[in-house]
Structure formats: C-alpha cells, structure tokens
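Letters are used for the chains, namely A, B and C, taken in the order the chains are written, and counting of residues starts over at 1 for each.
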C-alpha cells in the first residue's frame, strides 16, 4: 500500500486576540492511496484544522510545524521525473467539500459556471467543454434536470441539492483526494444518508482517496475503512473501523461510542422510571 | 476597563487618541492660556510667526494673536463637530431602529422622510437653514445634523432588519419582553457598530462643514473659528500665507485624528465572538 | 386535561407565485409532564409548528389551546404575561442570546419581566437556577460567548424554567452539541420534567435522540402528520414511508454486545 499522504508531528496554532491557541499538538498519520479514512472528534478536537492543513487552507496567521509529505502520481505526459514530488494543487489534486453549502457556493454565480470554472482552471478546458463536463457532473451527483440546474442559482436549491453541487465542483477536475469536512452535518438524517451514499459511490467509481471529517462516529463507520479519533488536538486512536467500533482500545473512544444515541441504545426514559 | 485596553491596541487608535487628546487639551486650555477676548488686538498687524515669542504664531490683518485664535478656534470646532455628530447619530439610530423594527407603514413613512432629507445636498441644506434662522453655534450644530442623520438612519435600519430575524430576538419575544424594550435593549446596541463606524466620518464632515460655513461668513460671529481664520487669510494669501495655512493644517490634523480614533472606537465596541 | 391542544393548524407560504402548505391540517395534544416529539425531514413543517405554537408567527387557520384557554386570541400585555408558561430552547446556543449578554443578564430578564423576584432577590434566584441546571453559580458574571456550547444550552434551559413554565418547546435543542454532552442535557431535561412536571414539544430530525427522550412521536411529511404514537413503538416498527426512510437513514453502530 503506497501512502498518498504522510503527516508527521503536525502542530497548528492560531493567534486570537493576541493569545496563541493550539489546535493540533503533534499529529502523525498516513493515508494510503485509495483508502477511506474518517477523522472523528468533538468540537475543539482539531479535526477541521487537520483537514484545512492538508488542503493548504489554513489562514496565513496560523503557525504550522511538522511535515505533510505527498506522493502524488505523476501527470500523464509530464516531463518531470516522478522522484521530484510536486506540491498538491487545491482543486486539481484535492477536492474539498465544506460543511455549509450556502456559504461555500458563490450566491451570485450560476451553478453551471461555478462547476465549469473549476474544470476550466485546472483542466485547461474551453467554456463549452467545461459546461459539458459540468452537466455530466450534475448527472453523476443525481441532480434532476441538469440543463435547468446549470442555469440556476444556489438559493433556488435545497440544502441537500446544494451539497451535491458542492461535491460536483470538488470532483470537477478529477482530484485524487476528496476531503469532506463535516459535509453532512448541516443536513437532516435522510439527506445525510443520501449524500454519504453518493460520496461512497463517487469515490469508488473514480478511485479517489477519501478523508471524511465528522463528529458522528456511527455515520463515519458506514463509510470508512479506518477511523482516526482526535481529542484536544491529539490523535487518540487509529485503526480499522471494525476494531474501533467493537473493541476500542482507548477510554475516550469507548466513551464516544457509549454516548452515541442510536436506535438500538436503551432509551433514557427507562432510567428515569415511571412516565407521566 | 478591558474595552479601553482594546481601544488602545492598534497604532491607529493610539495616534488618533493622541491627536484628539491634544485637541481637547487645546480647547480646554484656551481660556487659561489665553484669557480675554481672542479677537482683541494683541500686537502689530501681520507679524510673521516665530519672530516674537509673545506672539509665537504671529498676528493677523487686525493684529490679533493667531495662536490664541487657534486655541479658541479649537473649542468651537470640537464642540460643533462632536455635538453635530452626536445629534446626527442619535436621531439616525432612533429613526433607523424604529423603521427597521416596526416595518410596514411606519417604515415606509420614515424612509420617505429620510429620502427627502438625503436628496438635498447636506451643505446646501445647512447653508439654507443657517441663513434663515440666523448664525449661532446651536443653529450651526442643528444645521449640520439635519443633513448628516440620514446616513446613520439607513445603516441602522439595515442592521436592524438583519438582526430582527435572529434567534435571540425571537427568544426575547418568547420570554415576554415588550417590543420597545426589545428594539432598544436587544437590537439597537447590536446594530450600533456599523453606525458608530460612520461617526468618525460624520465628526470630520461636521468640523469641515462648520469651517466652510464660517468661511462663508455664516458661522457664529461672536466666536473664533478656524474656517473664519482661513477666510480672513484669503485676502493676504500671497504676503502672509501662514494666516490660512496654520488653521488649515489644524483642520487636517483634527480630521485625521478623529478618523483614526474612530477606527479605535469600532474595534472597542465590536464584540469578540469566540470561534469554537 | 391536556396542556397543549393543537387543532387543524394550517400555514401557507407564497413562493414565486405558487402557494404551498408549510403546515397542513395538523392536530395533536400534549399532556402534563409528557414529551411529544415532532420528527421529519427538513421542510416538513416541524419548526413552523413550533413557531406557531409560540406565537412567533401566526397561523392561517386552526386553533391552539394552552392550559385550557384559547392561546391565539391573546395579544399585547395579556399574551406577554401568558408567555411565562410557554417557553423555548433553540438549536444554536450561541445565536439564541444577545451577543453582549452575560449569564446573569440572560437569567435576569425573565425574572424581571414577570416580576418573579425583587431586584434584591434576583441574584440569589439566578444562583439557584444555575445550580438547578448543573452549572456553577460563579458562572453568572461570564459573558455568554465565553462559555462552552454545552454550558450555554444549560443556561438556555435555566432561562426557560425561570418562569416555571408548563410547556417548553425544544427545537433541535441538542443537535448542535457534542455527542458526549447530548446525553447529559437530555438527562437534565428528563430530570426537570419529572420534578417540575413540565411538558416538552421536542422537535428533531434525529430519531435516536427522540427515542431517548420522548413518550410519543408524530412524524411529519410536507406539513402533514403521517404517523404518530408511542415513540419506541413507532421507531421500532414504522408504518409510513417517511418513518421507514428516517429509520433506514439513521446510522447504526452495530456493536457486538459487550
């Protein structure tokens, strides 16, 4: 298994109001090409910071230490030797899906243009080809009426539909790595399941590597091969999904699993005894 | 107290505060350092500055002490600038909040009134007002405020329209708060930062408008004003330019100080949100 | 006697010339110290129903009876006084408060508005309320944005119970909280329900949470109630299409029994 991405001793700190706040305190992990890795954590765990660091989206004022090493496949027809690793280009090598599609999509640009723009910029396509590709992508993400949707604006779509558009834009240039940062957290249960199914399908079809950031360990377990658990900026446990869910080794992971209110959990009403 | 500390954090705020402090000191010290009528003859006419240390900035066409006039002029400029801006901000904030919060007919009526005042160029409005009612300090303040309140009103209304939809306003309704209390205790204080951001511009404009009115001879004739001094210096601009330059420089520095301090006020009043 | 009786509630909106029903002929009842959950996908009308019940928006037709009296007919000072008994907890504990508020000011408002305690007594009442929701009384002076999300939601609950309400509407009240905190907040709500005999109208799209806290559930689809009944019974064996879809979409951990 070749590692696509090697993170070693990553430390990230933000400056806020003159105080430095450590978001990641030395995280090391490897992501294999083609695998689906979930990063689980609660608020303040640093999971989003990790995603942003990998994508190169941290604000300029953030202090970063440690290494992120990439082993990207050489471009077809590249004149460069593969032994000279190139830095990943956001949009081309990495697709990023944010949590809130209302703010990640440009409200004054048509859907078609936003997706076509990615194809144009990173694949060098002309506008006609780029729009054709955008239409194909809209079909792939299961949006009805692709022709009409190309001309529509974000506010005309529902939350789930907007997120499908965001995913289409993220994979428009055929990236090798797809990062979904809490991509389903703003959606209701049914739409969430649909989007997860969609992501699973697209990742399999295109052979992408998936980094799935979430606070929902059960949701991640339906999608990921391996799960990494973060807490207060540190990597607490990393392992195969089955192992993490059934026999967690760290107490924190156990507590997360115990706290999960699933349909098979005992209802709290029982603990309280009598009903009204 | 921590607000003051936040205010003094940026170099702009410190510079602005220093300039304003100097200005206020000049204004307050004027009757102490230069007791008596600044418009009284103090020496020979058109004495250049830096020659006679009892008349450090020289004398004007009638032999009045320029430095004394400068200090007393500071009182007028400062008083008018601050009073007019305060009046404009107060009227504008109240009108804007009522319009934005009440909506419907009240909003329509208030906004049409705002339109009416806004379409008349504010300087002409001030000019007309002072010409009709007669030049005195209070009238000048009212004249300037009449033209300046519309900007804050629109900004306040826009903020209120957005804040009105927020959860905490709904929360205030749910706990049974009276609508007027909601408007002025919950909504208005949070609508203020952008309104206050206008304050530096309004104070600066007010000081300049007052100078312009005085320059045209419509200021309070019993007071020394920088505008009046600049007007007086016009006739001898070639031979004794310092008579116009000195009050002109004072005006520029004052406006600059007001602007810089205004930036500091915006920093100080804006509430820091924690990003978890 | 039921605490809340909603009958034939309807609310329509116009969008782009078309009229669509956000709430379409909805009726339900909540008894004393009982929790009724409203479940359904987004856009099914759950939040609209909550807002109508709270009189934040007015329905087009239907009636709302609260503690035996017609709630829709009230207005002005009479409505504001009655609001003491019908409170709300929002989803986003940060947006639910004035950004300039402190914990004490948040709890002071309802006490002051409904004259529950004199000015001298209020600080002590606030301390009692904070302790009741599991917070340290010393938190009173802190600005709202400086405490954690879980603590803020506890303050929101404290504000809701300050006026001794009979019914609290909770709109996705734990959805924005960390998983480890959700259980604690739900336990607190159940504890309060048992001791103070408060009814809850609990809105959520998360069936797991509903199963944990609600006695009964009504499942909504496009503004209509398509299924309702005992919460655990409905969730373990849903009959409606939406009910089945919700259950199927809820992620399952499938842990081996320890």
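Heads up, the rule we're going with is that contacts are C-beta pairs under 8 Å (C-beta built on N, C-alpha and C of every residue); 3 or more make two chains touch, one makes a residue touch a chain.
All figures in this text were calculated on a predicted structure; none of them were measured in a lab.
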Inter-chain pair with the most contacting C-beta pairs: A-C
Centroid-based (C-alpha) most distant chain relative to chain C: B
Approximate Å spacing (C-alpha centroids) for the pair chain B, chain C: 48
Geometric centre distance via CA averages, chain B-chain A, whole Å: 51
Centre-to-centre distance between chain C and chain A (centres being mean Cα positions), rounded to whole Å: 32
Residue numbers of chain A (touch at least two other chains): 43
Sites on chain C at which at least two other chains make contact: 149
In chain B, residues with contacts to at least two other chains: 272, 276
Chain C partner contacts - residues on chain A that touch it in the complex: 42-43, 158-159, 187-194, 215-219, 221-222, 245-246, 255-257, 259-265, 267-269, 271-272, 275-276
Interfacial residue positions of chain C with respect to chain A in the complex: 31-34, 41-43, 149, 178-180, 182-183, 186-187, 190-191, 193-194, 197, 205-209, 211-213, 215, 231-232, 235-236, 245-256
Touching residues on chain C, where the partner in the complex is chain B: 51, 54, 56, 80-81, 83-84, 86-88, 90, 92, 94-101, 109-110, 113-114, 145-146, 148-149, 159, 163
Interfacial residue positions of chain B with respect to chain C in the complex: 166-168, 170-178, 186, 189-190, 271-274, 276
